[in-house]
Amino acid sequence: MNKVVKNVEDALTGIESGMTLMLGGFGLCGIPENSIQQLVKLGVKDLTCISNNAGVDDFGLGLLLQQKQIKKMISSYVGENAEFERQMLSGELIVDLIPQGSLAERCRAGGAGIPAFFTPAGYGTEVAEGKEVRIFNGKPHILESALTADFAIVKAWKGDTEGNLVFKATARNFNPMMAMAGKITIAEVEELVPAGELDPNFIHTPGIFVQRIFKGEKFEKRIEQRTVRKNN
Amino acid sequence: MALDKNGIAKRIAQELRDGWYVNLGIGIPTLVANFIPEGIEVEFQSENGVLGMGPFPFEGEEDADLINAGKQTITVQKGAAFFDSSMSFAMIRGQHVQLTVLGAMEVSQSGDIANWKIPGKMVKGMGGAMDLVASAENIIVAMMHTNRENESKILKECTLPLTGAGCVKRVVTELAVLEIKDNKFHLIERAPGVSVEEIVSKTQGDLVVPEVVPEMQL
Amino acid sequence: MALDKNGIAKRIAQELRDGWYVNLGIGIPTLVANFIPEGIEVEFQSENGVLGMGPFPFEGEEDADLINAGKQTITVQKGAAFFDSSMSFAMIRGQHVQLTVLGAMEVSQSGDIANWKIPGKMVKGMGGAMDLVASAENIIVAMMHTNRENESKILKECTLPLTGAGCVKRVVTELAVLEIKDNKFHLIERAPGVSVEEIVSKTQGDLVVPEVVPEMQL
Amino acid sequence: MNKVVKNVEDALTGIESGMTLMLGGFGLCGIPENSIQQLVKLGVKDLTCISNNAGVDDFGLGLLLQQKQIKKMISSYVGENAEFERQMLSGELIVDLIPQGSLAERCRAGGAGIPAFFTPAGYGTEVAEGKEVRIFNGKPHILESALTADFAIVKAWKGDTEGNLVFKATARNFNPMMAMAGKITIAEVEELVPAGELDPNFIHTPGIFVQRIFKGEKFEKRIEQRTVRKNN
């Protein structure tokens, strides 16, 4: 089943203002750079973005914030972004903060047809407000619900024409669960190979979850915190 | 004398046990990795999806695809594994990580911890902290005993929004090692040269002081 | 004339749409793979953890580590993927598989299906059938219209323990294609040469018969 | 962290009568053959075994059934086993049948610290009896709880000294989730390699879930349904 589309323009067809998008990545690591730039070009507005972070001022989702394209962010950590801070404090931007593990599991649940599950994370905090609490094994848990999106946009290292994806190192992060949870899932990859080149034993995201795949034109892969040891 | 950050990290490192998987938070906790006691092998988990973290890379060997939860470039050791975020928190929530070390703005004598939000200020988010504190069997909080205004952060009740309720069992500060039990802080050790009086005066929560309070052996 | 098993499979294959991922149950459903219409590409999922199943292996090329949900040795096609059982049922429960074809002992006009248990007899278990019928957007049941005693298996209400409630929308038997809607069976097509009277006489559930009932085009 | 034990005897130390065991595999594919034979030798009784299937009369869990070592089976499908049938119909053996997807997810939940979740599977059937029903998106779901075990015994293709595991083809099946859900997890592998030989990008079960690993002495890998095409 060939899922290949020509370029980022074709890949993002159908994304409209007001939609809910999931975007993979942790910090600036493993984010769908090419698609984010195309979203800026498209100028779609009032987006609800589900993404662990919100980029930095001039990269990643920060670019969409600069253009005021985002109405609501659903994230676990949104530091390192001055424009984000401004919009949030002024009330222009709605922010829903979710514990990172619950965010990951809620995306997986959305993709896996599990509408809700219990987790201890957030019990006794404002995250639990309005949520059902139940004791299991003597420990209080809260009920969390599944997340899904109109479009999930993920970034992979390699992908094949069937949509099978492979991620590299910690650039995997939220990408696999989000790929599962999109009504339409778009994958941008560094390397696009013919079906049969990826070892079926070592596929991270089976192609069934991916509707469109394309080779990203350019990956800057900016590093947020370059930390090194001195060479001898 | 009060400990510096490395001193706190060194004292916490004494709590490590051979064979443990450990999650270290940002700041002082990260330094714990530099003081692993001889003869003890531990493995570091980072919640963004890596087990078997190694030291920072040499200059020029950084890989944008290989970072820790603090977004710093890292390396991995032999036998490392990468995985996705849901698997990572399956490890944490499922209590497969034996120890979590993290910082805090406040802790209370009931084991509550606050470290993610100051109302009225910019909120950065809880990241993985709520999952970590809600699930870890062993949590050690690495923090300063007081804030910049010299007010105690070791409290009867937290004043800031909580990260987790009733989860902290041990706190290591620049002055002392405290255990939380029966809704009280218990003074276990004091930093070398630090008086019990100083610790008492800087602790707002109820503090149980035994007759003899040993000095830390660093 | 009533269809044989291959005829039923061939008729069901007409329901396939290009680009679908399909889960085929054991028995008649397995045969559907042999009748994929020209110009249509589908991919087969097996719930034990494979996407992109191919034909049976050539003699001597069987691999004990590569089987389908019926425990038969199989091969895979280019672009296949293996995964664990929780991922496999994430695909099924999450409705990423577009069509499920499975057998049944009974179906009812409310869309109930029974295919896993006969009280008093050995119970083999439901395997993945309950997950499949509870989640699939499209379920086609491949079955015989009557049992060996010539009693209808197309019922007002199932008499056997259910596998799923209100989930079946389409049934293909050796005699007819039935749709389930508004708590009734609707006769859509009849097998070549089979009379409406025969179908009516062998259907115990309420059956809506339109004025013209086309013959299947096989 | 070296998890290697010398042999199957050392690996199964501590397993006692009355315990709950998880055993990986689907049919006879990917089952921990060496460990099952050792369980027969140990003669431990009154076991609760969580395993998708129950083996055949003279292989897999069928061997434990022959010796009447199993008190209760928790499975999704238990056909192809005459002794099983006899014990079940006579009431000697307690059998808890669970939809396959729920079984897989309940094991994962047990390993992932999720005490319960909602699934549509089994609603309206006897599987739902006594379980909470709740409607999500207009569709009824039932609440299923996590499964854990005193010991999980899994079979992998390759493993390293740190306990990282890699599975082959459909022999993966239930092994990864069960590895997560054991208080102690034992892995028997076909090939045991030094740490660093497995690519960290392509580990199926990270070593954190595995407490003991050993190289199985012999793998028969019996095929249940040999099905072939004729050569030309």
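Order of writing sets the chain letters: A, B, C and D. Residues in each chain are counted from 1.
The definition used in the following text is that contacts are C-beta pairs under 8 Å (C-beta built on N, C-alpha and C of every residue); 3 or more make two chains touch, one makes a residue touch a chain.
Fair warning: this is a prediction, and the values are worked out from it, not measured in the lab.
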| item | value |
| --- | --- |
| Farthest chain relative to chain B (centres taken as mean CA coordinates) | C |
| Computed distance of Cα centres, chain D from chain B, in Å | 36 |
| Distance between chain centroids, defined by C-alpha means - chain A, chain D (Å) | 33 |
| Rounded Å distance between chain B and chain C, as computed from the means of their C-alpha atoms | 55 |
| Chain D: positions in contact with at least two other chains | 105, 108, 112-114, 119-120, 167-169, 200-201 |
| Multi-partner residues of chain B (each touching 2 or more other chains) | 50, 76, 82-83, 86, 89, 92-93, 135 |
| Chain-level touch network, classified as line, ring, star, complete or other | other |
| Chains that touch, pairwise | A-B, A-C, A-D, B-D, C-D |
| Residues of chain A touching chain C in the complex | 1, 108, 110-114, 160-162, 164, 180, 194-196, 200-201, 203, 206-209 |
| Residue numbers on chain B that touch chain D, as the complex places them | 19, 21, 41, 43, 45, 50-52, 76, 78-83, 86-87, 89-97, 135 |
| Of all residues in chain A, those that touch chain D in their complex | 105, 109, 112-120, 134, 136-137, 141, 145, 166-169, 200-202 |
| In the complex with chain A, residue positions of chain B that touch it | 46-50, 55-74, 76, 82-86, 88-89, 92-93, 112, 122-131, 134-135, 161-166 |
| Residue numbers on chain D that touch chain C, as the complex places them | 26-30, 52, 75-79, 85, 88-89, 95, 97, 99-105, 107-108, 119-127, 157, 167-177, 204, 221-231 |
